[in-house]
Every structure is written in C-alpha cells, then in structure tokens.
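For reference, the structure I am asking about is given below.
A, B, C and D label the chains in the order they appear, each numbered from 1.
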C-alpha cells in the first residue's frame, strides 16, 4: 500500500509522466504555518546540486495546495499537495517496453499489474515521487520543532572524497552508489516499542521506501559483528542516559535512549548507466543489447540526503504527536 | 505497539518472569492442521544447540492452545498460544534496579513506563519472547507451503568458522556478535509495493523486531556502495525473470522479482557479558562496577536463525493470503 | 481520520470553497475500465433531481483523473480523482463566523481546529464532499460486479408519498428529513466477522460517514424490540441458507447469511432551513436571530440514495477483494 | 478481524467451550491501578440480575492477569486477561450440528470456516465472550476518569415497565427483545471526525460488536424523519456549546458538541426460545422441528447495559488518550 504513519498519515500518488505527483496527509495538526516557500530549500537539495553527475530534467517543483491549508496555516483537515510534471517526453517508452531495463521495476511491475501499469518513465515507481516524500518531510520537520535531523553523504563510489568518487564514475562512464548517514539530535528517551514497532523497525521501514536503498545499519551496525560485548556495550555515564560510545546508535531495546540516533543507508548505483547492458526481450525471447537514452544521474545518492531526512521525520512525527 | 501483519496479525504479550508469554494470531485461516509437536523443531533450534556459549535456562516450551484450535485444526477464530515460564528466579532483580544493565533496556523502559514496568529479567523486553515469534512463524510457514525459508549463521565473532568464533569468546571471557543470512526460495514475482510497503520495508520492519539486530542488507547490500551500475545491475536472462547475479537480493522496485530473496542481519554481541562493566547508579548518582550474575549466552546470534525465519514468514504470509 | 477500508482504501480531502474536492484510492486492482462517463449517472442522481426542494448550485462534477488511470484502465497504483469547485462565493462567510449555524459543524469545528479551519461553506465538513463518496462508490461497484446494491427513499417528511412530503416542506417553509433503505442482493454467505468487524459494524461505520445520518437499523431493526423470538427468528428453508422472513436483514452473527442485506438509515432535516432560527453570538455573548442566506435543499435525503449505495459498496468491496 | 481501537487496542479470543475466553489490550498506559476486584461490579451486572429470564449457567468470571499487570498496576506492556470456562457440557453439540439453530450463527459459521469452527455452544460467536468486552470496558472507563457512561434498559418486550415485559415473555413461553439507552456525560467538544471516523461511526461500529444488536440511533434518531428542521435543529444557548434540545444526541458534524452523547440500541429477542421452531437439516435436506435444550435467557437485553457501556468506553478511550 502507499500510505505511511498512524497519526500523521501520508498517502503518495502519481506517475512520472502523468499530470502530477502528490501526497495527501491525514492527521496533520491545525495551526502550522505553511507556505510554498517552505519547501524550496529541501526540494532544491533533492536536485543533487549542479554537479556533473545529475540529470538536467528541469523540475520546477512548486507545491500546489489543494486542501488542508487556509490563510497560510494548516487547518487540520487532510492536506493535499501536488507537484505538476512538466518537461516529460513519453513517446519513446512504448517501443522500449519489450526490453525491461535492468535494475528497474519494468519487469516486476508488468507482472504485478498485468500490463495495465503506466510504464512511461517508471510510472508510479519513478524516483520523481521522492519530491512528495520531501514535501511530507518538510511538514513533519515543522511539527518536530526542536529535533535536529541531518543527513549527509559519507561515500560516493567507495570514496569519502565525494568529488573523487564522482570523477571515478565520469571516467568509467558508469554509475556509482553511495552511503548516506542520518543523525537525529534531541529525541526524548522512550520513543519506540520493544518488538514490532521498535524505532529501528519504523526507521528501516521508512528508509526502504526510498528507491535504491538496499541496506541500513544503526550505530556500530555491521561492525558490531566483530566486537566483543564489553566493547560494544554502551555504558551510561550520567542521569540523562548519555552513553560513552553510542555504539547503539541511540536505540536500546527498540526505544530511543536519549543519545543521537545515528544510522546509515546504502544507495545502489543508478540503474540507468551510460554503459551498454543486456536484457531479455520478452517479445523475441532473446537477450539483446540495451542502451539507456538521454542523460541520467550517475549517482542518485547525491539526491538522497533530504529524502532520508524527510522519511526520518515522517517516522518520528507520530511519536511527537502522541507525546504532545 | 505489539502487533504485526495486516491479514495474519500477531499480537505478542508476556514478561520474562510473569506466568507465561504468548501470542494471539488474528486472521489465521481455518483448516490448518496444528499440533504441539509442530513447534518442537524450531523451538529446539532456538535454544542454540548444546553449545558452550548458550545459557542453561531450561525452557520446556510446550505450546498451550487457548483458542482457535479445535480437533487438531485451526478454526479461523483468533488463535492464542501460551508458553509457561518455569524456572525463573526473580529475587535478585529488585536490588539491581538502581544500576541499569549496559546494553539492556532497563533504563529506557524505566523512563518510558514511569517505573511501572515489570523489570524482572527484562520484563516484556526479554529475549524470552522470541519463543512467541518462533511459534507464530511455525504457523506462517505452514500457510506459505512451498516457500522455502532458510536462515543460517555466516559469522560468529568475525569468524566464518563458527567454532573458532565461539572459542574466541570463551578465551576472551566476553560475548560476541554475528551475522545471519536468510534465503527465501519460491516467491512469485510481484509481492510488495513501490514505496512504503516495499518488501524490503516489510522484511526490515520484521527483522528489527528481533532483539539485538542492528543492521540489515539485501543482496549485494553495503558492498553495492562500491560497485559500478553496470556490475550491480541484474540482467534478466530468461522469461521467468531469472537474473544473472541476484545482486538485488530478489527485490526490484520494492517487489519480489522471482529470484531468491537474500538478506543478512547483524546481531550485536550479547549485552550480558562475563566482563566487569560500568554503569550509572541512579540512586547514588555515581558510576559503579557492574557484573552480570549467572550464566548467559555468549552469542545470541546462535539462537537467531529460527527467529529470523519466523519473522520472515510472518512478513510474507500476508502476501500469500492475499494472493490465494 | 479521513480514510476508510483496509484493502480498497479511500482517503477523502478538500473543502467546499477550496479549489477542489477529491479522493485517493489505494488498493484498487489494475485492469478496471474507467472513464469519466462512468460517474455521470450516480453523480446526477446525487443532485436529487430537478425537484423543488434542491439547491440550484451548479456542480459540473466532471471527474479529473490525476493518477492511477492509464489508457482507460486502472493501473493498480493509487487512484486520485478531483472534482473542481466552481460557482462558489465565499465573501459572506467571514462576517457570519461569530454566529455558528444551528445544526451545522461551525461551532465544533472551530473548537476542534482552534480557529484554523476553513469555515467557508462548511469547509471540509461540507456535503459537497459526498461527490467524492459517490465517485469511490462507482469504482467499488465495478469491482463488486454481480452484486446489486440499490437504495431508495422510503419516507420524506413522514410521508411515503414523496411528493406529498416535499409539499409539506414547501408549505411549511421548513426543511424535512427522510428514511432511505438500501438492499444488497448477491452477497455470498460468510462475509463479516463475529465481533468488532461484524458486517453491521462495517456498514454502520460507513453509513454514519454520510453527513446528517442519525440512525441505522438492519432487517426488522427497532421493531424487533417488540417481537417474540419465535417470530423474529429467521428459519432456514433450504440448503442455500435462504430464510423465511429475513428479519435478520441478511446478517446473522455478524456474517452475511446469503439473503439480501437490508437496512435503513434516517436522514435528519436539512440544518439550513428557511425559517428564522436562533444561535449564540460568540462575540457578543448573546443569543440572536439567524437566517440562512441563499437557497438550500429542503430535504437532503433526496440526494442520499447514491451516496448510501456508494458507501455500502465501499464497505463490501474489501470482502470481495479478499475472496477473489 | 477481532481487534478494536487504534491506540487502546483490544483483541478478543476464545470459544464458549474452550478452556477460556480472554483479551489482549495493547496500548494501555502504565500506572493504572488494577485488581481483580475492579471487575466485579460490571461482571455481576452483566449476569442480568437474578431475574426469572436469565440463564443459570454459573460463571465465576474471575479475571486472571497473564501479562501487563505488575504489583497492582498496569505496566504499559500488552495486558492479557483470561476468564476460565467452567461448567460447560459439550456432549450434545455434535449431534445437533446438522440442524443449524435459527437466529444463531451456526449455518454461516459453518460456511465461512469450512466446518473447522468450534461449534460447541456457538464457539467464538458465543455471548460468553461479552465477558471480555466488559473487562476491556472496565479498564477503558478507568482511563476515561471523569467521563460518566451509563446505560439503562428503556423497554423489554415493548414495555417500559420491565417486569411487565418479562412477564409477557414468561406467559408466552417465548423470548423478547429490548431497547437500551446509553448516555455519556463529560466529553469535551471536538472528539470525532467529519466523515469516516465520525463519533457516530465509531460508536455504531462498537455497538454492533455486541451480539444481537440490530439498530442504533443518536439523539432524536429515527423520529427526526418526521421533524421539521427548525424543530430538530439544536440551538446553541451559551458559550460552552450547550444546546436547547440535544436532538443531535451530543454529536454534530461527526464531532462531540459538549452535550451528553445519547444513543439507543435495539437488542433482538434471544434466538434460543422455549418455543418449538423449524430449521433445515443439512443432512436430510428436510425442514424439521427444533427445540432448544436447557434454560436460556428469555431476554438478553437484560445483560446488555454493562456491555454497551464497555464498548462505548472502548470507542471513546482513544480520543481521551490522544488528547492527554
């Protein structure tokens, strides 16, 4: 299904080449000041900068409020925001259909939806819809107030020097992946639940909503597999619950422990690479060569930080709303 | 909250030192043959073998059917199963309360529940409750029928030779972590959803319900951060959707793609280690030395495979029920 | 919250005097033929005919598909439909604010949303949004296929001769209420659940989503209070479950029993009546006379049948989707 | 499904002739004092008094706390309560199976669950499970604190003099129905939502969870069908929102309006009547005479008030928890 959240509940809709993409948020409290300008910064960050590796598709990304905003404030009624799709060219997609793009959802979507899916530009599976996630996150962040959520890129193409990583992609004429870290400062102790709704469960659920994410780890993460318990354990050093190492990434027993929440996700290399690839032609029953037309991001990880922040805010905002 | 699943919905309850732990499953179809014996194998596997690193607490773990089973078959009504807690000694816990055990939920539970939590043996946060997850999984697996779900330990204490890893722990008198991989063969194409209910979201949500899990990765996982797109991409090689590499771990665009689902989780070292540790005494306001009494598992990862299989089955069974 | 349904999940949004009202349906299966024309008949019926008692506000009510429809078929992705609001005049509402209209939500909405609500024309509480319910119902009916859902007015202003009832309203220059019955033929045996999700629970939940509905009864309904058990009981007369009386209204133990589902709702008189009324002026702290401007329906019950059918279809469609 | 509530979520389980019936409540806050004695009064009221019309089955109805209660207070973890079934005799049910009892769920349950249902004494459909509803209500009422919820019988067998109504049943050797009214005093303004989660939707959903309820009406209810708008409208007479008539039953636009919530339900005559009835024998394919063995309540409405209060508390408690 296409909804997330129990109190602040976001439903996402739209297709890459349809008239628009959008969200409806149910459960947004009344009285939050909201203007189109509030979205500018995160939507701009989502474009990944004017770096060499990003696609030139111009997306104006002006939020259009259809409901739930009145006189500059949220009303408490369902809040619907649209982003129009401009600058789309759909003509090429029909003929490409027989050859599912490797790493894309073309094949699985066709099977799942029986051929009725809007296949143009990935349809509802398109990264275009992350603009909606960012928008929901902007509002969630406002509700979260003092909480500081910040995501940054740790690695591109295996390099911590990000320019070097991008140059590697450009030199190889190939796409690359990356690692993005998110830190949340200011969470009170006790958000979460011991089993099914652990904070890790919620955040991981949210993070895997971002296309191309293939892993997540909290605190020491996978490196914990090689640590002794006495090293990994997070000694409490004062009455506020502050710990010595934060190897736990701010979460113990599924609950926030008052330290910064720290987690990292891995973003796979862009599926659309300049390299010639191979795929199965479902009409001829043969493998054939395959080239992606047009320019695409060489590294989508560059666009991920504001999306990861958004989805983190969406996962945490329910706790904030319940506690206030 | 303490429930999981939309169709086959499991609610978990109980505390480590209460009379029993248990589950209620709502939405289990009628007509599934069910006997106490069906649980024996997975419950036995959960004990982690008669290895040196596991705790000797004897848990008979006989399922008691309270409802939903009649004449050896599920009835379709809510199915409640209890496991009695025997062999518990609660006397020591009261005095330990002032010093929250490092790596355990003692401190956060106290803050969240205002001191009303059952603190004996971790209460509702105890690993004891994984017996309930295993039980729910046994039933989910029955419904999944042909699907083959198998988890195995890849690493203990950083060693792929598991005995060597355990010996490391014994020699160091310290606990160790591990990595567990789960493979699911036989899923049809198209389970999942593009965004919020991607199969990765569902499986990750479920996996982080297991205490001590701190990371998850699908297919190539974190190593994808260092691959080129043309290497990572999963070329389709026949009409069934079979791919050349399965770097995607059986999931594209949030949907199963017909290949084996493959994912790995990291299990942190047991928080209860034989080493002397330090923690904050909430009464004296001082850091003090801290030793865990009794024997505990040196490596809980040894117990995780059947729990991971269970939770995987619980995450997938809704799709099977919707499709049938 | 503003969503309904577990599988076929409809979220409603919009305000009477905003740019549009609309719905997003998540969980609509792919491959259902869908054209703007499909909505015409029920939307027209919702206008209540060209009877004297209905309001002249012209609502073109052309559905605009924003997502989820492609080449004339549903895609399986979230389906968003808008209806633009034309012909609205909002200027008068600001000054009326201090005097909440009797029988309307003005006062309670103001309290609930702290004054941030869009108060123009009832805002999100407006009967205008029933156009959205009708639209969701049109799609739900398509999925339900063979099921026949039909609602008709039984009484207007206490008269079974409907014209007589309307004449009563016109003569009295006052609004009147009515009773609407809905029959569903073709449900299989066994939809529903014994307690919390009884079919009566589901249908009643849905029916009270329609503004102005104040009661519901199934089968013999309130008259059962005066019957003996041997009269009320519904003797089964053949192997299909057909019963002699259908006093049960097609539902036994919360489950459909294979007979026609029959229920009735009461629709209160239109709150906006031509009569002079009284209300509290929240600014002056005085009771004052109050007149509704413009023309309004004398009997909203006239508009209810297609809305009731719609909401009935929305309540039943989940069962149809689960069973197929 | 067998759960109710979003924050305070109750799952009901058990069968009439199984070892026990019970509930698990997830989302109950910590720190609520809770003793077995707290349940006595409402459980006793549920027995319907020592009146002639009630069944003599002795139900000790001692709550057994399995989890979520510690040292006399709720812990915040899932709270499981059992009530053992004693004094059941199941031997007769097997042979009665071929002739579904009129007015009972036997036939529909058989169809729905494919013959796997526990058919003894109505199984999971039994009125026995209302003991669980009462128990959940006892806890919900504690959380609701100042709110006053009171249900009382208005009519038995068509008589407002209840003894006269019962005598009518005894004289006729037949069962009778009744009408029960519930009033809630003390709700703040603004609980509820305009459409799908109107307070009427929630309360009706809950009320139809009680076996044998076939109708519900709020405030003026069905009589509103014969009123003029100017009579029905509820003039606000002071700044608190108090109204002149409360014809709205305390609910406007789906929201509480600060007046007493008032609603009535109709309870059908007990399906098990002393009269000889007829039913279809599914084995012989013939209609045959049918007599209920043993004594049964002549009027289950007598037992309904505490159940109706309980379910009302369960429906309202989520709002109280969200607002606090």
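A few points about this structure:
Please note the rule applied: a contact is a pair of C-beta atoms (placed from the backbone, for glycine too) under 8 Å apart; a residue touches a chain by one contact, two chains touch by 3 or more.
Bear in mind the structure is a predicted one, so any value in this text is a computation, not a measurement.
Should one ask which of B-D and C-D has more C-beta pairs in contact, the pair is C-D. Chain centre most remote from that of chain C: B (centre = mean of CA atoms).
Mean C-alpha positions place chain B and chain D at a centre distance of 38 Å.
Here the CA centre of chain C is 26 Å from the CA centre of chain D. Residue positions of chain D touching 2 or more other chains, listed in rising order: 1-3, 12, 77, 112, 124, 194. The touching residues of chain B, when paired with chain D in their complex, are 1-3, 9, 11-15, 18-22, 24, 26-27, 30-31, 66-68, 70, 73-80, 82, 112-114, 116-118, 123-124. Only residues 1-4, 12, 100, 102-105, 107-109, 111-112, 124-125, 129, 133, 155, 157-158, 169, 172, 174-179, 189-190, 193-198, 200-202, 204-209, 211, 213-222, 224-239, 241, 248-249, 252-258, 266-273, 275, 277-280, 282, 285, 287 of chain C touch chain D when the two sit together in their complex.
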